[in-house]
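Going in written order, the chains are labelled A, B, C and D, and every chain counts its residues from 1.
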């Protein structure tokens, strides 16, 4: 039985990764999960310099999900390269570093720096709804998507995965723009912009007013977008948005994702990733699937 | 204590309506709910001719919500005017008729016909994701929104509420376009396009492949959009998307909605509407709110 | 009058692999008819839609349901114990037209988890009843059915009764009837419809479809019908309201 | 080692208006420290985030929690009964630094639902303990606190002890201390921090913030800190991991 998948030439032992920002750089969750069992660890977004993030409260629970406006707090690329990459290198898993920035230059700086590091993939977050500049602004305009993708491609030595925002009229337009810019793969979806109001205190539940909706609630939107994109471009897709169970992960794979990321589910089940790795194997065995490639995009 | 609200000159006894398509024309739910207690009854979308709708399965449950692809099955405007309007006229509630179509001409025909009827408001569905032509195609393009709005305004004698799709990059653009076209108010949100895959049968869960996601899961997206639109246009807003409790309804009102519609919640709690009417009164009393206007858009 | 209310669990019993028998105290039991169903709501709020389950037996203040664990919702129900409360909506749908079969020779045909509604139907129907129950392998409700008519059993694996399906059982036992009431999986209903056409006897079947409202308002649960439907005049009858029981010639199967 | 596991409810008791005392059997009880907390998960899947609750008492295989119904999650917990299972993650956070107070004159100050962690703290701490507990009106845990130190009570309505808050109780009783451990609402902690600064004594406070992961990975639960934090080097300490107990001068309040 083969569960290996190929993302832009990088071979993962299995298609299960974690979603950026929900797993730190793996250290905290390594108390619960054997990181060697994951297809890849995807790190929290890292910028050229440390970012303090947004004021608190940064999160609020919603029905079947949560909204977050962490605001990409991160230690900056220096500390990250010194501390987090060496930590992850001790494991038999692939490393995908998530990159954020406010300007094209910011992104370029981080990508240039990472080009020299022993990491496997870069995921470019052009879709964070929680920062004023950069982030989503890039991800909602196909010209901007193409431009930044091609800038980063010039600098990266590893494959570049563009992470798309669901807050758009037509996700395939953004996917095609990333493809045109030379992207090696696509990650989708990032969070959907949402808001919660505390009716008793008559204030916004998160200090940033809006936040990104994630968790099981958004899964149908994510599956739809993965399906649409899989039928619009040739790039490998890393699917995410509400994955908590084996069935969830399989939905994305059947819709066309080559790999999947588990995000918010880590918060309510720190063992979710490894359970899904095992669950996919069981499903393949039960359904006599020799190679996971048979499942990718199998529902048309 | 005043719970009356004003939508484009139409005074509702309270801000609680039902969401189109979840309540038929009221007859079925009148076994559970005293229709006289509702601010308004909003009917299932009606077209110029009968529509058979989509093949089954038409719905699928999702985490905290559901997707539907009913496909706007309806008896056409003739039967509707003969049967459904007279039924509703027997109640002390306002009547908002939801209108759908495939072409601008279809919409015009229905609106012209309704102009002569004794109804209070028309809600124009330019945001249904479940029909091939018309529907959402109109609602994702600001020029089309403006054009169809002004065409319908020429014909309607009642206020025209344009119902917006959340499947857009920037909902305020659509809202402004509707305002420019002369709309008297806005309804938002319609469903978010989603997909569910049955991993055991390896097929789409609804025959139409995609469907519209509704229910509590989508509430944060809806509240966010209502807030954005309330801060972008002057029109009264009817807010909806996942409202199931008094707190949910108040979130929309505090975000800027003048009235609210209860949709999917009717399916799991047929008494939801009247419970919310009562709950809003209790909240106002507890918080010493004399007039519900004080709450509309009170969180900034 | 349909009602949504908190039903109280009187008792629950596992009567087969993944098959449960649940007695619920409900205020609307007396008005219920065989072939009708009720909607049951999950306590876990992540599941918002009702689960339609047929009425298996009716007592003065109580209904019996027999269901199979098919997913997370029915799994949740299987943990209910005496004294627990659960939201239900009922009674829904039309039920079998007993008056069409009264005094006649009638087949009551149930396949798999379509067998339960046949129990109350058999109990109320005054007729010459042949109950034909089709199982995969394991039997359930058989003794109770037997007490209410002559019972013929078919099993897929032949472990009991006729090896095969309910139609095989009819043929093997040389049975005939004037009327058919049937409930079960669609392929079985399709075959029964063909049999009834061939024999030129009226046949009523109980249909299934995914439901949201359960009361005819949302138009989720339609099936194609020969006659125009009352609601939209487009040949789409609502299973929850116009059915679930239809004359087999009246609908697409 | 932190663990997520199914805890078994040993017992639950309502000990005040909307206040519950819950004993849970957990495998990690022995490693728990006073001032730490655990995350409890709802069974209703519509609520996906953990509810952090402080440890009130520690036994060999069990933890006691005392909590107030604040919303739907804690309301769900209040229905738990002996034998029920519930998912928990623990033990989390750092706990009070008992070694800093050992043998000294110490204030253990708890306000409202911040009182519970003071019980195990008092039980384990070998020091000259003055426990100052601030209530709105109704007392809870008072007898048990009294058994573990000299107890001073403040109530907002003056129905018992000093009328006012915990600092009013200190002043009224002319109390002083070398070290403070405190847990309670932010305004109370802010006032205690000011008092400690004025008296020039070290003061540790237990902080609260909305949490998602509970283990330091998601950066939801930060508070501003004087020193750069270990994680992001941006003066944002994580309450769930670097805290919840902080030296008061070390953080913004």
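Structure notes:
The rule is short, and it goes like this: a residue touches a chain if its C-beta (ideal position, glycine included) is under 8 Å from a C-beta of that chain, and two chains touch if they have at least 3 such contacts.
Here the structure is a predicted model, which means the values were calculated and not measured.
Touching chain A and chain D together: B, C.
Traced through touching neighbours, the fewest hops from chain A to chain B number 1. Distance from the centre of chain A peaks at C, each centre being the average of the chain's Cα atoms. Centre-to-centre, using mean CA coordinates, chain A is 46 Å away from chain C.
For the pair chain B and chain C, the distance between C-alpha centroids works out to 35 Å. If you average the Cα atoms of chain C and of chain D, the two centres end up 55 Å apart. The set of chain C residues that touch two or more partner chains comprises 45-47.
Along chain A, residues 63-65, 216 each make contact with two or more other chains.
Under the stated contact rule, the graph of chain-to-chain touches is complete, every pair of chains being in contact. Only residues 43-47 of chain C touch chain D when the two sit together in their complex.
Residues 62-65, 67, 140, 167-170, 192-197, 199, 202-204, 209-211, 213, 216-221, 223-224, 227, 242, 247, 250-251, 254-255, 283, 298-299 of chain A are the ones that touch chain B when the two sit in their complex. Chain contact summary for the complex, chain B toward chain D: residues 63-64, 216. Residues 1-2, 4, 41, 45-50, 89, 209-223, 231-236, 241 of chain C touch chain B in their complex. On the chain C side of its complex with chain A, the touching residues are 45-46.
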